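Take a look at these structures.
What follows is chain A paired twice: with chain B in the first complex and chain C in the second.
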Partner chain A sequence: VTAAQLSGPERRGRLAGQGLVLQAGPLAVRIRTPLRSVQDYLAGHYADFPVADAGAAHFAVDVRASGRVRRFVRPQVTFAGDGVTPFHPLPAHMAAALFEWGFNWCVSRRVHHLLVVHAAVLSRNGHALLLPAPPGAGKSTLCAALVSAGWQFGSDEFALIEPETGLVHPLPRPISLKDQSVGIVSARWREAVFGPEVTEPTGARVRHLRPPGSGVAQAHVPLEARWVVLPAYRAGASTALASVPRARMLAHLADSSYNFTEFGARGFDCLRAIIDRSRCCTLTYSDLDEALAVCDGLARDTAV
Partner chain B sequence: LHVWRTADPDLIFHRWPGESEAVAYSPRAGSLHLVTASAVVLLQELSARPQTAADIERFIGSGLGVSPGDVTGESVADLLRGLREAELVERAQP
Partner chain C sequence: MTAFRGGRLVDVLRNPGRLASVRPQDWEPLLLEADGLRLSGRLAHEAGRLGIRPPGPAGDRLEGLRLLSDNSDRAIRWEVRRIVEVLGDAGCPLVFLKGAAYLLEDLPFARGRRVADVDVLVAERDLGRAEAALREYGWELLPLEPYDERYYRLWTHELPPLRHTRRRIPVDVHHGLVPRTSRIRPDASRVLAQSRLVPNEGARVPSPAHLVLHAAIHLFHDGEIAGALRDLTDIDGLLRHFGQEPTFWDALQMEAAALDATRPVFYALRYTRRLLDTPVPPQVLNAVAEWAPGAAVLGLMDWLIEPALVHRGAGSRLPTATLRARAHWLRMPPMLLARHLTTKTLRRRLLPSQAH
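Right, the complex of A and B next:
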């Protein structure tokens, strides 16, 4: 049963009551919110996610109105992850975005059985392309464009890696796009469905793109990493794919992990094995079509 | 005179063929460091036997094939400072 297959009253009742547990890739999350704006957002952006058993949740997220007076005067909302409130309250119109940011916080802090690396994940023929990149590198824009061009969507934000096998689990949650990226992606992806626009404290305008149903449907299938690419969008730059020394890429992956130190030598061996079997590159680009062509070329060329 | 040793006696090194850099993983700290191939040789030496800065200066001049004129006390001090800041080496207890 998916979230969309529950009746509206049933879904809203669970969200407002004991919680609706959704399966997001290898993670089950209990979501509680009495807020209609978040309930409606979940009904759309998480429609294809399977409903999981109540006892299966890895963590619980809670988004609700804060304070009594605040409900009437400039209403605000708060987020809690497993009872912890890591963020200041935000204006009520940012509730859905706060849910996503809080979900990210939970994945980065509450997942201890999988290596969590900050990277987008896409796949072709069961093989994963990892895009680890700092904010501003164009990771999410490239990720959405690759999906629009036929790549299977795995994740916009996190690569969840089994330490024993090195397999990468998809976590196909909504893609966070900023500023001009929304227009760029919607021009390529006519069926794209976006959530409400909010302005981050940094000033960036953000909208969340609903993940494609095909990616959600395949979220239970782990992937073998074959390509690790550092994307770097630079205005006016020529498209260039350059090899990166494996030692350097391994150090970058470890730096991009939220919990690498928790796994000891297992984590080191796991990431080293991924680097061993992957082609490691930087992709500098300004022309998105050329960047897509380069990624398609990588997928055709299976040589490591 | 300070005697230097690796902060973790069980450092794990990995270097891919043809690459000038390697990684050093510390099981004790759970940390991974990108290091030069020369640093690997030096760390392996310090792991086997704690040494003074003067010993290290001599080792770099001989073991790493660096021209003795290019190895100064100052450059060794800089090297040790960097490795210490990365928590790869420490002063051994007297």
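Right, the complex of A and C next:
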């Protein structure tokens, strides 16, 4: 049963009560929110996510109205992850975005059985392309463009890696696009469905893109990493693909991980296994079509 | 909301075997409660020890908790060795207290018990040398308001917290067991004198009796009782482990009298028994009965302690507030207390950005 297959009242009842537990890739996530705006957002953007069996969740995401007087005057919303409230309250119209940011916080802080790396994940024929990149490198834009060009969507934000096997689990949540990226992506992807626009505390305008159903349907299938590409969008730059020494890419993945040190030597061995079976490059680009062509070329050339 | 919210958790702490019968849907609330009371790592290790591996997310969470705590233990052991090196070279005899000591002694309940900071005891005359040595080798004082720093140095039993610039684990260097201002004055030199060397670690820890006494003083004299179920399980674990040693109970009673800590020991034995079924020999119970407070106070404490121990955040506010007031009262004389609370309150009101 998926979230969309529950009746509206059933779904809203669970969300407002004990929580709706959705299976997001390898994670069972309990979601509680009495807010209609978030409930409606979930009904759309998380429609294809399977409802998990009764039992424990990996963590609980809670978004609700905060304050007393504030409920009526400029209402605000608060996020709690497993009862912890790490953020200041935000204006009520940002509730759906707060849900996504809270979800991110939980994945980065509350998951300790998988290696969590800040990276987008795409796949072809069961082989994964990891895009580990700092904010502003164009990771999410490239990710959405790759999906529109036929890559299977794995994850926008996190690669969840099994420490023993190095297999990468998809986490196909909505893609967070900023400012002009929304226009760039919707021009390429006619069926794209966006959530409400919000302005981040940093000033960036953000919209969340609904993940494609095919990616969500395959979220239970772990992937073998084959390419690790550091994207770097630079206005006016010509497209260039350059190999990166393995040691440097391993260090970069470790730096991009939220919990690498928790695994000790196992974490190192795990990343090493990924690097050893992957082609490691940087991709500098300004022209998105050329960048897509380069990724296609990588996928066709199977030699590591 | 029921008054005694720790029911289920206390149940499995008393009898870890019951973890085997936790239903799939009950793991999440149990772990949430344990997490709020800093006992989730302990629970995860008890489950692991008993071979209890629930399928799905609950099992993943237990595995993650074990990983986290083992990782933290490794970091604490490393920090301990660095401190031994530096203070050893500086010629300061030192003893590790509380969490670090439990870890070094490899006590059964220490697995999964996350150590937030390393507590060290040195002689008061060595305090300056210890601070200088640590600061020379990369530890630094956390930035503090001048008032707070003065408060630490004048009135407490420890230096302001130190932290290594790279490893960032807080290190509290104590020269006493309770604040200078406290109503009781346990003689910390006894703890140093009777400390024992942990084989293979090169570090010293207090005698078993002193470990219990220190935990009891901390919990029942001047510490925060609210949400401190973990600290009660420490005492329970110490008593279960060292209670087997033939000389332990006599030493405990003798040192309780010597350190002026008879009342905390009375409470410690009473509430570990009541909440956690800790075995205590009957003759010991008879002997410590004379350390009890009057019937009215005891009745009040019985009523306050249990809900407060499992309290975190909401609920049971009255017991918590009452016990906090009691701890402050025991920590310093009335005029100093008034001055301290006035200063803290004014600073919080006038300088909200700098409030702690």
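To be clear about the criterion, the second predicted complex is superposed on the first by the 302 of 304 C-alpha atoms of A that agree within 3 Å, B and C clash if a C-alpha of one lies under 4 Å from a C-alpha of the other, contacts with A are read in each partner's own complex, and residues count from 1 in each chain.
By definition in this document, a contact is a pair of C-beta atoms (placed from the backbone, for glycine too) under 8 Å apart; a residue touches a chain by one contact, two chains touch by 3 or more.
Keep in mind the model is a prediction, meaning the values are calculated, not measured.
Q: Is A:P245 contacted by the first partner chain B, the second partner chain C, both or neither?
A: Touch partner of A:P245: chain B, not chain C.
Q: Between chain B (first) and chain C (second), which, if any, makes contact with A:R272: first, second, both or neither?
A: In the superposition, A:R272 touches chain B alone.
Q: Pick one for A:A254: touches chain B only (first), chain C only (second), both, or neither.
A: Once the two structures are laid over each other on A, A:A254 reaches chain B alone.
Q: On the A-aligned overlay, A:H58 touches which partner chain: chain B = first, chain C = second, or both, or neither?
A: second
Q: Touching A:G183 in the superposition: chain B (first), chain C (second), both, neither?
A: neither
Q: Taking the superposition as given, does A:E262 touch the first partner, chain B, the second, chain C, both, or neither?
A: Both: A:E262 reaches chain B and chain C.
Q: By the touch definition above, which chain A residues appear in both interfaces, chain B in one complex and chain C in the other?
A: 261-264
Q: In the complex of these two chains, what residues of chain A are touching chain B?
A: Listed in rising order, the residues are 245-248, 250-251, 254-255, 260-265, 267-268, 272.
Q: Tell me, which parts of chain C touch chain A in their complex?
A: 24-25, 27-28, 31-32, 35-36, 54, 56-58, 60-61, 63-65, 67-68, 71, 74
Q: Using the touch rule from the top, collect the residues of chain A that touch chain C in their complex.
A: It is residues 27-28, 30, 53-58, 60, 82-83, 111-113, 261-264 of chain A that touch chain C.
Q: Which of the residues in chain B come into contact with chain A in the complex?
A: Interface residues on chain B, with respect to chain A: 12, 14-16, 19-23, 25, 27, 29-34.
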